[in-house]
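First chain A sits with chain B, and in the next complex the same chain sits with chain C.
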Partner chain A sequence: MKESVVMKIHYGTALGAVFLTVIHILMRMTQDFHESLEFENVLANYEMLGYAILLELLLILVSVHGFNGLRVILLEIKQGPTYEKAVSYGCVAAMAILIAYGTRTILMAHLGMV
Partner chain B sequence: MEKEPKSREGIKGWINPAKYGKFGIERFAWILMRITGLGLLAYFIAHIYETSNILNGKEVWDEMLAMTQTTEGHIFLALVIGMCVFHTGNGIRLMLVQMGYGVGKAQRPDYPYKPQSLNMKGKACIYATIGIAALAMWYGITVMFG
Partner chain C sequence: MSSVSQKVSEERSQTIVSSTKSITLRIKRSNPTINSEEKFDEFIVPIESWTTVLDALLDVKSHLDHSIGIRYSCRQASCGSCGMKINGRPALACFTKISELDTDSITVEPMDNFPVVRDLAVNFTRLINNHKKIMPYVVSKDSEITPGEGIKESLQTPDDVEKYIQFSSCIKCGLCNSACPTMAMDTSFVGPQALAQAYRYIADTRDKGKKTRLKIIDESHGIWRCHAAGSCSQVCPKGVDPAMGIQMLRSYLLGIRD
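After this line comes the complex of A and B, so read on.
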């Protein structure tokens, strides 16, 4: 993929993640901050379909943005064909693992498998 | 295939204090953008792991929560808020600069070759972003300790 396209994805995921993070934080403000983090309240959040979808989208957007950012930083430090390939594939693999792990939590909590 | 030349300075160039005096606040914003990005990614991974504990039941969740509901935990979260706000603000500034806003008009390169893009608008944005990040940290502290 062209670097210019990758950077457009980087900026797009950034804007999307900011928007969803604001909603995610505002959800903590709907009640007392400490109360909102109690087991029952957090589980109730996961059980809401709309909020579960928001969390999944946020997970994907932040993972894509975060690991692409890490890739850019690592490529700024050192260059070379083998190194660049290893960094790019490594970041994609790490991103996929994190998304899979987070999705497992969201799905299981949403379906009440707690 | 010919081997590409390595970056001359690498990570040493990042931490070289002489660069900060030479390039000013823009250099500081550049390094802070990378540090906050790495910090936020580390926090995000830890947050995904932390929240996965909801699947292990109320007891494990409460234990995990107790670890974060301490003075140190709140200070750490306030730092995360600061990093998040700075990274967002500076990121939006960089996006606008890449789209050509606020970079100034092209000029003939005369001594001392000051780039038009590193102007007062950019500097003001960086200082404002740092200020807003500090305010957000203060607000976060009042909510968490309140």
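After this line comes the complex of A and C, so read on.
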């Protein structure tokens, strides 16, 4: 993939994540802040389909942005074809694992399995 | 032999007699081909209000230590040979007046981000290779001179010229690459000098190599590794703004500009 395409995704995911985080924080205002962080209320958020989708999107955007950022930092620290390939594939794999694990958590909470 | 000694002696005495002030010049010495030892040698140099750092270095080289390794040529900020770190900041020695530094002690070191050849002279291979990589020439099938048809001019309006003219002032002195924080970390980074030159030719209305050049700089150690620190533009002795050129190139790649 061309680096400019990767960076467009990087900038796009940053903007998207900021937008969704704002909605996520605004949702705290629907009730008292401390109350909104109680276990039952947090679970109730996951059980709402719209909120679960928001959290899933946030997870994907933050993971893609974060792991690409990590890849860029690691590529600047050291250079070399083998190292660069390992960093790129390693970051994609770590991102996929994190998204899979987070999705599992969101699904379990949404389906009332927690 | 005696006439040479006498001449040197006269030069020195003339400088001292007409001088009103002296400064301490600290020169970083090293020779990586022999060992990794680095040290600073100190010299007391008489100066005048017009004395440049290069003048002071050449004074030391002529009278006190002939072995100082330094590269220089034009003495008028045109050739880009005498780039070095002067009191921690990359600058041309011939373009830096000692009186303007406003200090009695001047430390000169070789430029950062370049391998040292000896003392203040550095190796420009990486800069030149990156410069060549971005095709630093106008790419066009139309020739200004066609056999049998005479000379055809490629006309440009003043506005066309304005788009790239500041970037054509680059003298390849390497100060921008020396000041760049990414160059210090990423040994494969193309660098602000080459990127500014890529923009210089892409912005030229006569050039048809935009697509190829954008492809060259759009790679993992290309334009996207710039952190927009802006230090390249701060140190350029010719008023080139590589940081702006890099942002312009990014806008082409992001599709903001055509």
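The rule is simple: the second predicted complex is superposed on the first by the 114 of 114 C-alpha atoms of A that agree within 3 Å, B and C clash if a C-alpha of one lies under 4 Å from a C-alpha of the other, contacts with A are read in each partner's own complex, and residues count from 1 in each chain.
Everything below uses one rule, namely that a contact is a pair of C-beta atoms (placed from the backbone, for glycine too) under 8 Å apart; a residue touches a chain by one contact, two chains touch by 3 or more.
Keep in mind that this is a model prediction, so the values were computed, not measured.
Q: Let's test your reading of the overlay: on chain A, do chain B and chain C clash or fit side by side?
A: Verdict on chain A: clash between chain B and chain C.
Q: For A:Gln79, using the defined touch cut-off, is the partner it touches chain B, chain C, both, or neither? Pick first, second, both or neither.
A: both
Q: Considering only touches as defined above, state whether A:Ala52 meets chain B (first), chain C (second), both or neither.
A: It touches nothing on chain B or chain C.
Q: First (chain B), second (chain C), both or neither: which does A:Lys8 touch?
A: Second partner only, chain C.
Q: With the two complexes superposed on chain A, say which partner A:Val18 touches: chain B (first), chain C (second), both, or neither.
A: first
Q: Comparing chain C with chain B, which touches more residues belonging to chain A?
A: Result: the larger residue contact count on chain A belongs to B.
Q: So, A:Val114: does it touch chain B (first), chain C (second), both, or neither?
A: After superposing on A, A:Val114 lies in contact with chain B but is clear of chain C.
Q: Under the stated touch criterion, which partner chain does A:Val92 make contact with: chain B (first), chain C (second), both, or neither?
A: It touches nothing on chain B or chain C.
Q: Now for A:His34: first (chain B), second (chain C), both, or neither, which partner does it touch?
A: Once the two structures are laid over each other on A, A:His34 reaches chain B alone.
Q: Which chain A residues contact chain B in one complex and chain C in the other?
A: Shared contact residues on chain A (touching chain B in one complex, chain C in the other): 11, 76-77, 79.
Q: Which residues of chain B touch chain A in their complex?
A: The touching residues are 1, 3-7, 10-11, 14, 34, 37-38, 40-41, 44-45, 48-49, 51-52, 54-55, 57-58, 61-62, 65, 69, 84, 88, 91, 95, 143-144, 146.
Q: Looking at the complex, which residues from chain C come into contact with chain A?
A: 182, 185-189, 218-222, 224-225, 253-254
Q: Under the touch definition given earlier, write down the residues of chain A that touch chain B in their complex.
A: Touch residues, chain A against chain B: 11, 14, 18, 21, 33-34, 37, 39, 42-43, 46, 59, 62-63, 66-67, 69-70, 73, 76-81, 98, 101-102, 104-105, 108-109, 113-114.
Q: Chain C touches which residues of chain A in the complex?
A: 2-4, 6-8, 11, 72, 75-77, 79, 84
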